[in-house]
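First comes the structure, then the notes that go with it.
The first chain written gets the first letter, and so on, giving A, B, C and D; residue counts start at 1 in each chain.
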């Protein structure tokens, strides 16, 4: 349980570098008897994989996953599930020039000073390529959460650079390369990205993730709050610089009468809490937003230093996403699913026999006030 | 290492309810030989304690801490340091009416459905009173970080409800009840709070925390990133709904040329990264912002339900902070210190013998661009 | 979760020195709704406390426990249970002479070289006094295991120095100061101890612990085997030098036909496995034996060195157990209970929904062969 | 950090089934800059691999290891090291008959009742084949321990069934298929094994492991004692039923004057403690003994039940080790190395700056009394 393991009971241990032999993970703690196939995991990976549109990196990685263990005759056995993805399109020569210099905004300098050695090829361990592993592991969590608890985890892009993307419909999310929930804005987004790509610059994005159907009671009260571990999991994604639960930073300017969600026998009247109260799921949708910084690899000249501390000019050619946020939606969904599953197991470990006579409050009543973008889940 | 323990090598295990016999913690993993006194810990507690101005709760808790173990002749011994704070001013009768109803915005309903039992007095375990424990433990971490590495952790209120508080000077922070870094705004803040208190409503706040002097190299690359665990620690504070590192959500609309901090032999030219790159400290100041929601306990009528699921009207009298954010600054500082110390130990565990010939980049050059509110640390 | 925390889901974090202000622990992860009283915990502590016969140390410690948190109106709430035992009879002056010298067989030298500082009074943190904390925490585990699963954890002394103590009856165990399960041998044990005490020397002992009623299925298959964590827990008790499960070291000379326990529809025919197969409880009694070394504090002259590395002669006066094994039975029981409870929670976290049509094999059939000392299972 | 991860800072996460696609592990937390090659890991694996003599299983597994990540240009980078071993000689048809029945002494019944599903082929996850992974990971730990601290970890067989094997010389250990440290006994061991194999029965063994050069100070004082985690690690090896440190169970009958190791300025005069005092390494050799039960797979008829609970007769053909202890020496060495490395890192995390003026006591003086089998340390 050193730094590359996520979760306490549902545990994902990740390995691999961008241009090494392979990336992969070991998923430990999955309940036995879950039907899971390579195809189901691959389907999630395909949502994240590079090269699917002109707006993302053109690296051609099939990201084909192999299940090495833990699944027998199509069912999980309760033993560790090892997932392996061989790297294929490693044009390491593109990266020769970065062995000696530190790219601004990248982990290069920090890695170098921490470890005294680094696999510089494609960013090595710090490459966003590692997020494929999270998506693969997340596919297992999503399946279990859905089968066992009816939980659905979905995300979308709510802002691309300066363009806000109001939520219209989940149906749109899968129909464009941005995971945008709003068909009307897609052409604007495409034009923006085309211009950006031409300029050689990059841009940030905001992703929202929603977990529907989460039962009341998941989460621990003090440190291991459900929202604390969600924040951890989201901030651990490459390029994420901020995390909000529910109203998030908007709650700074809110009054108590405005923020705290009233309750009626028919359900909560709003969801400023984002589905978590006192660190424990409230029975409402869990609402998470993350801020993703602009890609640090850009073609434009940037000042930096080399290993000797001398001034250099860096510009990064090669194949890069001009907005890493575009492929981040499946990753954020996966991370939320992994955390929820871990907490589902933790909850039943301690509280398996708890029952109360108090009715479970249904999700947000249809006539309830709700924060955008909590969609009509 | 269930839910009430924070940290992997520098570990804080917290216990206690708002109106039980005591609150406290066990701090495990502290290096031996650190000089620490009750007075030093008490001084930190006094910064957070209630009843110090008319703008905070009037509960009279001296918050007197006792060191039960782990310190011998004024020095830490390397064994667990137990800290105990007896509860004294427990007017539990104020809370009788909340035993049967669920206060909106509070953890009441979630606790009840999770555990089937709850100590309702003063919110029990979910009370912000628990944060005193964090401040006490944090005092130890701050001392060590400062002595061993010259790290200074400081925070301030950067927004109170609608009022933004531009950073002017660290010297102001200790001179007003708000931890506001700007003397000119204090009377406005006081007037706002007086009006608010009269109205019976509450409001949110934004707190910024800065760690100066953090050396390059703390943090793990993939899941246990330094910023991931900071996000976890901050989100685990009562009422926090959002966490930002560096530019945070502002990075969504930034371009790569704007966000990624250029490097010169004299230092970084900006600190959008907030001192963390690829999950590892970069050698710059670590910059963290948190959003704190408005206090859920307000005197105004709110709709809710009782244990039978029947509709009720709740309003909360008793002694409450109209803005829990006012006392949150020492808590946020403590949490940042605890995380940094944990990562300092983790780093030297793995990388004790690493050295490089590359110069350590000094902190932000004096003429460098820097994001507000990174103060001239 | 540094070195002073035991368990993964049912977690005991221990603190305190022999002659400091107090010892105690935080028990985290206990399921809510368990009825537990100070008296029940005290009753277990009283079984271990010093001064109850002439054969143990004459230090007069009432070992009065206080519950500081986590219990409300007589029931656990699911939040951390803090237990506090104030030290009272601290004759630290007895220990002044050991501040500068290292007692052979004790942790003195190792502590000193590890930490560069130590609370030498009474052995400080390395004192067996810390085991009181384990007994207190174990009382909670025992209660839950028994109420929820019918598990009973009992131990006895099976050897005192050279005297083997054949198991006769559980009824005897509580009727003599040795936890000996055999009334006929008590006077021999007393005579042996009287002679030993007079000689100034000390002696070892062997303790057996049996958990009856453990259902099949607790334990993880590879590293976190039930028996692995039992071995860890037992070896973590002061003075323990060996741990056996089931046939233990006797299995070295056994043949497969002799060792592996045959199964019939009526039950297992023997229990060489000691109730654990492949790291998982088998449905039979869990059988554990531990070896406890002779007390290192003796009145006789021993060669050692002091802090300067100079040769000295050490003999330890003060109040000591001539056989620490005599008070070890409640400690070993407590440790087994804590491990079992942790694994009970871990098991249901992962496997809560597992059922099979295969009958649960009853415990050892009455006509079955069984290893001594598996008592009247 | 669920059940298949070993260690806290130097972490091994294991996966794989006997007849699945592969076995392997992720080694996380290794310090950067360690030179390690496939050949070095392979050399350790070759010591354990099957088919090397007539006395072990004839399964032909080359056990070829591949390094997938974490090593760059021959040096560890500080990121996770994934090791992969493809399974090749999987005659699963040999195991068809065990899908429906539970082999006595095996984990079959316990797995089935725990998980409700199991990969029965070759024992699946419970197969001793998983120990290859430990040996591979241990190779890294051994290399680091030796380079950084001069620690050498070596083991040998000290008893095979009824035949005790007195220690003569480390030089003999690698010269016979038993890891026996005594050339004179090898022909007796071979004759015994030939007879045993013919009989269809199996037998147990005792393995001793010694770590030389361990500096004083590794280990935590209360739960995470060095010896406690060694006990855990050893008991987690398939078929192990007992663990001793130093004098082990012999200490039961010892007197204090006999057991506690006297100290002189020239060194300790004996090593009954086995190199651990108060949970912390003492500067002497760490001495560990383990008991390994007889192989449960034998050709002779044994009573058992099937999935329906009906009585059946089981005898196990296929390719099995008649004494699993024969190949256990490299596994036990690996486990000791992994634990020591974890504790080396833990120690420096907390105590990196500790120094004392007290001389480090040299290892056992040449004229010192020492327990068999502490060899020519």
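Just so we're on the same page, a residue touches a chain if its C-beta (ideal position, glycine included) is under 8 Å from a C-beta of that chain, and two chains touch if they have at least 3 such contacts.
Keep in mind that this is a model prediction, so the values were computed, not measured.
S.K.: Going by the contact rule set out at the top, which chains touch both chain A and chain B?
M.R.: C, D
S.K.: Expressed in steps between touching chains, what is the minimal separation of chain A and chain C?
M.R.: 1
S.K.: Compute the centre of every chain as the mean of its C-alpha atoms, then state which one is farthest from the centre of chain A.
M.R.: Farthest by centroid: C.
S.K.: Same or different interface residues for chain B and chain D, judged by whether over half of the residue numbers are used by both?
M.R.: same
S.K.: Averaged over CA atoms, how far is the centre of chain A from the centre of chain D? Could you give it in whole Å?
M.R.: Taking the average C-alpha coordinate of chain A and of chain D, the gap between them is 39 Å.
S.K.: Where the centres are mean C-alpha positions, what is the separation of chain B from chain D, in Å?
M.R.: 45
S.K.: Report the inter-centroid distance (CA atoms only) between chain C and chain D in whole Å.
M.R.: So the centroids are 25 Å from each other.
S.K.: Identify all positions of chain C at which a residue touches two or more other chains, and write them in rising order.
M.R.: Within chain C, the residues that touch at least two other chains are 1-5, 8-9, 14, 29, 32-33, 78-79, 114-116, 125, 221-222, 346, 350-351, 354.
S.K.: Treating touching as the only link between chains, describe the layout with one word: line, ring, star, complete or other.
M.R.: complete
S.K.: Of all residues in chain A, which touch chain C in the complex?
M.R.: For chain A paired with chain C, touching residues are 8-9, 29-33, 78-79, 148, 221-222, 345-346, 348-354.
S.K.: Chain B touches which residues of chain A in the complex?
M.R.: 1-6, 8, 14, 102, 104-107, 109-116, 125-126, 130, 159, 161-162, 201-206, 216-225, 227-236, 238, 241-265, 269, 272-274, 277-283, 291-298, 300, 302-305, 307-311, 346-347, 350-351, 354-361
S.K.: Provide the residue numbers of chain C that touch chain B in the complex, in ascending order.
M.R.: Going by the criterion above, the answer is residues 1-5, 7-11, 13-17, 20-26, 28-29, 32-33, 66-70, 72, 75-82, 84, 114-119, 124-125.
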